[in-house]
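Input: a single structure, listed below in structure tokens.
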Amino acid sequence: MAKFLGTRVLHSGIALIGLILAVFFLVRLTGDPTDLYLPIDASLETRKEFAHKHGFDRSAVEQFLVFLKDVSQGDLGYSLRKQRPAMELVLEAYPTTLRLAGVAMTLSIALAIVVGSIAAYRPGGVFDRISSMASLAGASAPDFWIAITGILLFAVTFRWLPTSGVGGIEYWVLPIVVLMLRPFGLMVQVVRASMLGALSSAYVKTARAKGVGESAIIFVHALRNAGLSVITVAGDLTVGLINGAVIVETVFGWPGVGKLMIDSVIQRDFPTVQAAVMVTAMAIFLLNIVIDLLYVALDPRIRHQ
Amino acid sequence: MADHPILSVDNLQVEFRTGREIVHAVNGATFSVAPRETAAILGESGSGKSVTAAAIMRLLQSPPAFVTGGSVRFKGQDVLSMPMAEWRRFCGRDIAMVFQDALTSLNPVFSVGWQIAELFRAHGVARGKDARDRAIELLGRVGIPDPALRARDYTHQFSGGMRQRVMIAMAIALSPDLLTADEPTTALDVTVQAQIMELLEDLRRESDMAMILITHDLGVVADVADTVWVMYAGRVVEHGPVSAVLSRPAHAYTLALLNSVPRARDKGRKLEPIAGSPPDLARIPDGCAFHPRCRFATNLCRVEAPPSVAIAPGRAAECHHAGKVFDV
Amino acid sequence: MNFKNFSFGKYSNRWLTGAAAVAVVFGMTANLQTVQAQKIVTVVLSEEPEGLDGCNANRSTVGRVAKQNIVETLTAIDPKDGAITPRLATSWTKMSENTWRFELRKGVSFHDGAPFNAETAAKAISRTMDSKLDCETRTKSFGDIKLTTKVVGSHTLDISVNKPAPILPTRMGVVSLSSPNTPLDKLVLNPIGTGPYKFDKWTPGQEIILTRFDGYWGKKPVVEGARYIWRSESTVRAAMVKVGEADIAPNIAVQDATDPTMDFSYPNSETTRLRIDVTRPPLNDKRVRLALNYAFDRDALRGSILSKDIEHATQIVVPSINGHNPALKVRAYDPAKARKLIAEAKAAGVPVDKEIVIIGRTNIYPNGTEAMEAMMAMFQSVGLNVKLRMMEVGSWLKYLTKPYDANRGAILLQAQHDNNNGDAVFSIFNKYACGGAQSSTCDKPMDALISKAATQSGVQRRDAWREVNRIIYEDLAADVWMYHMVGYSRVGSRINFTPSISTNSELHLEEMTFK
Amino acid sequence: MSTAEQEAITIRRVTPWWRLLPRDKFALVAACWMVVLFACFLLGPELFGKAATAINLRARNLAPGSLENGWLMILGGDALGRSILARLIVASRNTMTIALTAVILAMLAGGALGMIAGYIGRGVGQIIMRFADVLQSFPSLLLAVVVLYVLEPSVTNLIIVLSITRLPIYLRVTRAEVMEVRERVFVDAARALGGGRFHILRRHITPVVAPTLLTILTVDFSIVMLAESSLSFLGIGIQPPEITWGLMVAQGRNYLSQAWWLAFFPGLAIMLATLSGNILSNWLRIVSDPEQRWRLETVGQDKRKPEKQGQGAGGRTDG
């Protein structure tokens, strides 16, 4: 096990370095940021002076060498846009994104497993149809549409919930519902698909012959076998959320890494983009390692290779 | 046969509604099993014997399978109309089942010990460590070496024979009164087959357990069974004590079956395979279902369903020419 | 877990009843009572400021929070007519062509206790002008103009410029003064000024808190403190004020300003136009440029895609700016004339059916994309081959500032410019002079006039700028003029505040009172 | 038994798939909707091209349901008074080309890589998986800005960007399924019979993996559509006068408070397309899976309520 983890971490490290290199050079393809930092009316000399001072006029390779020197001294880049060290910005925004992603994913996985399993239990039945329709409708609805209509309805008309902002449980309701819709929709379909197969298998018949209750058959025997593809999709959706829930952060004003990433890309704030990608990449690599471990835990046949 | 039968199936009818036709898998099967007795249900594939076994324990997936007639009485109680909760307690404790292919019938992602212990847990007999120890003890009893260690292994880590032993361990966990074995050894090679049948016999004798053995292998029937029920096209066409039936069959199909199987004492004789192929259960021929393939078939067979002719006490055959077949 | 007698039916009922109970309880407790702190004003901005250093206070995102609230300027520009009123400087006299002497207000101290005098003022000004720092005051409003200061008396300061600066007092209205203890080598996130409110706390991504500064030299304001939050969606900002979660939303979109009791439109000193690339055929022909102006049905957009309160524009500066030429007549919508002009140009061999591309920038101003699509259709209807490409700001900037791409086609650039600094010099040089960073025109005589006007003052200065505007409008016809835009603010029922032209870049808390 | 009779039996036994369609009412409706969409895809731009771009500012944000401006305005007018119905029809071509091509490309590339990674654990498999990790952590917006900044924003570039961002989910799901399937007996049997590695992947593993990929593909369609919508909102997606449902949703975003229909109808179009895609894929999964096929066949049977005893995996049934 330790050997497995060791090689995986090593491989991930190499991949991470490759990723940072790719981001470093690709992001510099999106043009010289000088025009974006300086006001629109800045004169040509000011632009030249600014570009020279911050090294934007140098070639990407030279900038990379400077970057390496800085990194060796522990400076991971300074955001000119926000006038703060880039990594500090990202690490400040990250807890919010992780909390949002965590709560949304746990709820949507739990719900999707229950709904998907019951739907697969009687395919074509009433529950199956309704749950598929509802989950798909939720997944394919534009999320900002749900968010803003939710605010107009529940905050403005009914005054049940605050319009936006960070705070107690009532601040979480709308953002989490919006965040959950898409992962839940996809998860229900995947759980249903894999449970359909598991429920019609021979070992379920044996379990019944042993007098095991129906819900144990669904949620223990069948679900454990359907687990593999369910975790894979859940993992991918969590990655999507780790990359930041842009819509929720934008509409509800949650300071997450999604909005930070989008703004940095649009404003060509290279250090912040690099820092954000580095942190998200580490989280995603870690998540994928955990998922691979879950594979082994869930399916013994894989364990014995 | 003398005392009250532990299981009696009377005129059981099961049909599969698929496509635009109805497949009559079981057409009035009638048989019974006495306590501590081994009843063999003999028939070619497609004769409805496996469906009968599943129907007895209400394991048929419905739709497409529908039990449309007959009754299954276990110790006097009608299994088919039992409420769900009671049926769940019945399965595994009163009747247990051993399936043919243990690899697909055992859950691949749970350890063997866990799956056996589940029986104790599901029926509230034992929990946690106690359940595990009983499982290990059962594995030992069915002849699995080093059971404490092997209990933690998974299905794919066992050989075919060993897997079947696990199935048997699972079946006898709550020492049921009746064990249904649906072709338990078909997937195994001959030597392992003998060991498994021997194991089944020992376990049965130990716990006074009745057994229904579903097979198409005459050899197994001869060695192990007390009574034999020959099924063709969803009906029991002949039944009786094994020795009597196999030595002097009273139904044309049973006779044809015996002739199509090589036996030591008829060395040199040419084998006679049965002409034609098993009937299409969606279009069962009128009269006696076997008449298209029967040597003794006469017009009567083609028109009228044969009555059940009593040959001897506890023996009968549904054949218009039972006497003629008997005297061959 | 023993599933033995766990019949399936019961399981689902228990789940449903549990969920319903939670929902009911939840509904009751959550009818949110927005506790409105008595004298604290909550302002919901459209984006989080990117820093709060006093020397960037002329950038609207920073100015809305800091300018005249935390950091103050020597002189204040009255938005209505561009007149200059004393603030930290009580009076100023012109000593020579390049030098003005300022008498500073006495008895003023910074929030950190440092005294405000000639010496600390000089230190603040030199910090702002230091090229080591990227202060927007320097890069935007001064460019290549260098300021040098000389302490004459304890509260008397001489400020001189390397080029004739007739309107130096106006320019000083843009320079906000921070405390001498502010570090010189980097921009700070916690400005220290002399204003009526001092910086209290900034929770990144969530809010900025200002509290009243008791040692303020001026009248004690009513509002005790301010809490700045930000939401990107205008609909959400409008909803927050309606629900009472915020008191003021300085800018919301026209379609959200639906409640006359709370919504005010105000001219926001922004002027929109399509900058014509006069060097590229067929746009290098004046007839085609005039045809574009006549083909533009300017009344159709007012009150539909854009607000009904916008005014037709004929030049880059809004009427309240010195140098605005009121004599220029709006070119009314006349498609027939446009087609005639195009026919004349075609007859003269101008390639009129060559592709013309409108380069737009998404979210430059509310409904900007729809406006461009409508104008494209209007130009196409008079027979011009016009396409539209909307871009994000990074790509759009490639077309805005020099050096322009050599093999670019005929470009109409969607642009918007704001100038509420009182004088036309801040706008015209950059956009029309040969050396202007965003200029697509280069007319030698006009260039001479521009540089002369920059050195003049008083009436000659105003008339010189008016003449420049006339040349741009009538002789060069270098733009398709659109509108002087308006902004919309939503003010909650708790507050007395009417937005003015400067609300777009300054929000004076001292002017607010409670109903 | 005569051979003719024998044939009769076999033919009758297997109901052709198109006879199964009416059995599942939802699949029938979904199939009809797909036909409608395909018609819009083929004829849309030609028939309604002009109507979709005719600006009429008097009909700006016209509420739906009124017929006095002609039947095309039944769904109302957008921010420039253009008919939303006409735009929906015309936009279906772009939408289908972009979303379907992107999703199918992602599935093919992701599926292929996933199979290789799943089947060959060591070496190549590891490299592919780390490549997937990198792809997942690469911000899709940055990719879009880079591609669309360096190259010209065109439909093909947009498709490339969208399919690259959606590739990892297919790759990972395929790998998971392949690792599971590889253990099944029939794969060993095929290997024993001398089946080459690619033969096994193609003939034996693909049919097992295909249904799950198909399920994901249908939901992914809407995810890609909405990703394109957010790119268009930022100005790096589809350029007017081209239209896609995603662009229409983005354009409606600023009008939600008083012209909800601008974003609602394109959103509805995306939803209906996803729903019908998913229903058909579930139906297809049942038809193509011998074990499940009877579910459809029995639906047509008489509705007589089966007796209580019928007990099995399906439990009490009302289907």
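A, B, C and D are the chain letters, set down in written order, and residue numbers restart from 1 in every chain.
Rule of thumb we're sticking to: a residue touches a chain if its C-beta (ideal position, glycine included) is under 8 Å from a C-beta of that chain, and two chains touch if they have at least 3 such contacts.
As the structure is a prediction and not an experimental result, all values here were calculated from the model.
No other pair of chains shares as many C-beta contacts as A-D. Among the chains present, the centre nearest to the common Cα mean is that of A. Chain A and chain B have centres, each the mean of its CA atoms, that are 54 Å apart. Averaged C-alpha coordinates give centres for chain C and chain D that are 45 Å from one another. For the pair chain B and chain D, the distance between mean C-alpha positions equals 47 Å. Mean C-alpha positions place chain B and chain C at a centre distance of 88 Å. Looking at chain B, residues 59, 61, 84, 88, 108, 122-123, 156 sit in touch with two or more other chains.
Within chain C, contacts with two or more other chains are made by residues 3-5, 7-8, 235, 239, 392, 394-395.
Counting partner chains per residue, chain D has residues 145, 149, 183, 234, 256-257, 295, 312-315, 317, 319 touching two or more of them. The touching residues of chain A, when paired with chain D in their complex, are 11-12, 14-15, 18-19, 22-23, 26-27, 29-31, 121-126, 129, 132-133, 136-137, 139-145, 148-149, 152, 182, 185-186, 189-190, 193-194, 196, 199-200, 204-205, 208, 214, 228-229, 231-233, 235-236, 239, 243, 246-247, 261-262, 265-266, 273, 276-277, 280-281, 284-285, 288, 295, 299, 301-302, 305.
Within the complex formed with chain A, the residues of chain C that make contact are 3-8, 11-12, 15, 26-27, 29-32, 34, 50-51, 53, 59, 131, 134, 136, 138-140, 143-144, 186-187, 189, 204-206, 229-233, 235-236, 239-240, 242-243, 245, 392-395, 397-398, 400-402, 417, 426-427, 430, 435, 437-438. Listing the residues of chain D that touch chain A in their complex gives 24, 26, 121, 126, 129-131, 133-134, 136-143, 145-146, 149-150, 168-169, 172-173, 175-177, 179-180, 183, 211-212, 215-216, 218-223, 225-226, 229-230, 234, 249, 252-253, 256-257, 260, 263-264, 267, 270-271, 273-275, 278-279, 282, 285-286, 291-292, 295, 299, 312-315, 317-319.
Residues of chain C that touch chain D in their complex: 8, 234-235, 238-239, 253, 255-256, 258, 300-301, 304-305, 361-363, 366-367, 369-370, 373-374, 376-377, 388-392, 394-395. Residues 30-31, 35-47, 49-50, 53, 80-84, 89, 92-93, 96, 114, 118, 144, 148, 151-152, 155-156, 159-166, 170, 173, 212-216, 220, 250-255, 259, 266-268 of chain A touch chain C in their complex.
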